[in-house]
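These notes concern the structure reproduced below.
Chain nomenclature is as follows: A, B and C, assigned in order of appearance, with residue numbering initiated at 1 for each chain independently.
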């Protein structure tokens, strides 16, 4: 029983991480049709900057931790908004080229991170509670899993509230469904593009700081390795669907943990298999719009 | 056959030039051409031959990807898988099954064919981004499999070294580099000829027409699925062949070969060279490999280490420069390197169309 | 600039051509839209009526001159070229659009659909509420769950909630039950009292009721311009241009007659 609890909560923690990337990917794809390969770099930059904040402020207390999460989010948002504004926008409606530009940015930015922070992983510490464990029904759960789950729930609620109660949110929801009709109502939908990139980048930046706490280190590759699973999550959940991304993130990560434990480390295969099955049975994903 | 007519109607000059180029490349190991900054030494030295041979393999691989991405318009993110199957398949057959070289090659070829057909058949049931994701997922599964090292077959993170017991002496050792060089040149020529032949064939025309307008192809009663699958399998099998040559040339295979990053590199190469241009893929492959090599040397040179941080850090990362270059090409040079002559020649044709004009009369011909 | 017509013109189209996915769908269209009343844009199915509307709005790739005379206080001075502008700018000049197939945002509520469409500082909420009481009664309902007629009302309401200087309305009665067709026509008639309308419509009874002028398109070109009722009276012309007998127009839309082409 305790193993099941451990796997479940650890899985949800990993799923939370997937969701922090997948939410932005899904919104960006849904609104703009851009598959953003640079999204992992938003996360990685957030992780490095979060570590720098902790280093400069010098204390491993909660205030510093929260500050690094917030700074990570701001940096991720700024990087993402700049990406949209300077690179993606120039290639309006040319989806393949837009994907290619994000591929180039992913390559260049990871190399730049290597140049700035070195190729060796940087080990991070946080508030001591984060490194400890909590006993739940006999299972010792690493505390950072709870923070991950909490953070991703807050991010989910934040995005949902933004989409529901703001004018930009309204434009984004309408644009995901039918972008050209939004412009035909006299709305410059492009301004919403920068906004979704910024939201996605902020979520990824939060994910970066929390990922470094989850893994215990920062390296230039963490964004890229999480990105592939986030892609899978996005596609399984249905491109453009936020709730689909949330459900699929939890599903994929929990499945992965269980398969790794009970089926001899086959977690990644099971995920790929799940993706193949979902796409063949339901090409639009679990909650995709075009069924 | 109609394909032959079209084939002959192409300017013979181009082929004659290509012939001269191949002949020149063939005698290169006998010459002592030294281009400092591009090659590490004169062209007869093993180091330089190795580098040129390697760049020709990457060019061949890029050509095989060109068929899938440039001709069929299929954005596959899993092409590295078939290359890795070639390298690892041959390596495993030689080391663990103890096969002779030829049976090992045949076995690897068949495995590549079967997997390409199976993955293609499955993933072509979806299109666009979903297709990209499924191919990425399968390649990722391959990459994970290699790293997990099942039955000690793949060597995991250590990689798999070539077992030379059953490899003819002419392909073993630094002194035989020129034989390997000729092998790689032959592979490049073969892959190029197969690509040309396929593009000029009826199936090639149909798949190109499908890329432009799938609906119209359906309307005239052809199921695009099969020609796409055919293209996918041909591209995959060619990559497997190149992978085998890679193992012989480099004497080892590492798990990087199956990674998503490697497929992305291929994508970068094809776009750098010019999407839709056969020569573009070749030039892109060669230029990329040489740049990668030379930028690495440049990065660790004194010229860079003496610079202030804000210049030294980016310049010391070859991938940063390549990535930036790639972004600039996508933004400002649609058509890539192969499109440059056209841009210079015809200032009027400054269109945003990254591909050469599609075969306008293909559909009429098919109807 | 306008074609010697005595009435003022709100929009002129000269040599408009348009493409969808590289396919030429509008060849060379020229016409004027008068600054009052309803002008019908007619023709058989697939001749490029919808594409002409979309071309004017810049929703598809287009070429040619489109000049709008509704801008500015004087209303009818030099005119503004629309053919180089992006869709949202064109609409912001005061051009309302009611698309074919309604295109309401199905996952947004009725109220959200309307709120999204509000462009003016003082949107005409009361006017819309008066015209479409059915919509006001269900603000929280998802638009995707509305009936076809209600969706059409919502689509119209989105355009009418702003004070426009021109309305482009594309097949508003398509696929609707006869009783709803009447309601849509009523709403359009009400709107047309204050704003000129360019109307694409297959239902000739609706055209007869609403339209003053008519423009007929065939093969991506304008083949006839004139008075709407004169056109519909003329058996020969209706058969030739629209593929129907005018008398049968009410029951039988032009779609079914298009087989002769």
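The working rule: contacts are C-beta pairs under 8 Å (C-beta built on N, C-alpha and C of every residue); 3 or more make two chains touch, one makes a residue touch a chain.
Quick caveat: nothing in here was measured; it's all calculated off a predicted structure.
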item	value
By mean Cα position, the chain sitting nearest the middle	A
Chain pair with the greatest number of C-beta contact pairs	A-B
Farthest chain relative to subunit C (centres taken as mean CA coordinates)	B
Whole-Å separation of chain centres (CA-atom averages), subunit A against subunit B	32
For subunit B paired with subunit C, centre-to-centre distance based on mean C-alpha positions, whole Å	52
Centroid spacing, where centroids are CA-atom means, of subunit A and subunit C in whole angstrom	44
Residues on subunit A engaged by subunit B in the complex (per definition of touch)	29, 35, 37, 87, 90-91, 94, 96-97, 99-101, 103-112, 114-116, 224, 228, 231-232, 235, 239, 265, 268-269, 271-272, 275-276, 279-280, 283
Subunit A residues within the subunit C interface of the complex	170-171, 173-174, 177-178, 180-189
Contacting residues of subunit B [partner subunit A, same complex]	75, 122, 125-126, 129-130, 132-134, 136-138, 140-141, 144-145, 148, 260-261, 264, 267-268, 271, 313-314, 316-324, 326-327, 330-331, 334, 352, 354
Complex contacts: residues of subunit C adjacent to subunit A	57, 59, 86-88, 91-92, 97, 99, 103, 105-108, 112, 115-117, 119, 158, 162
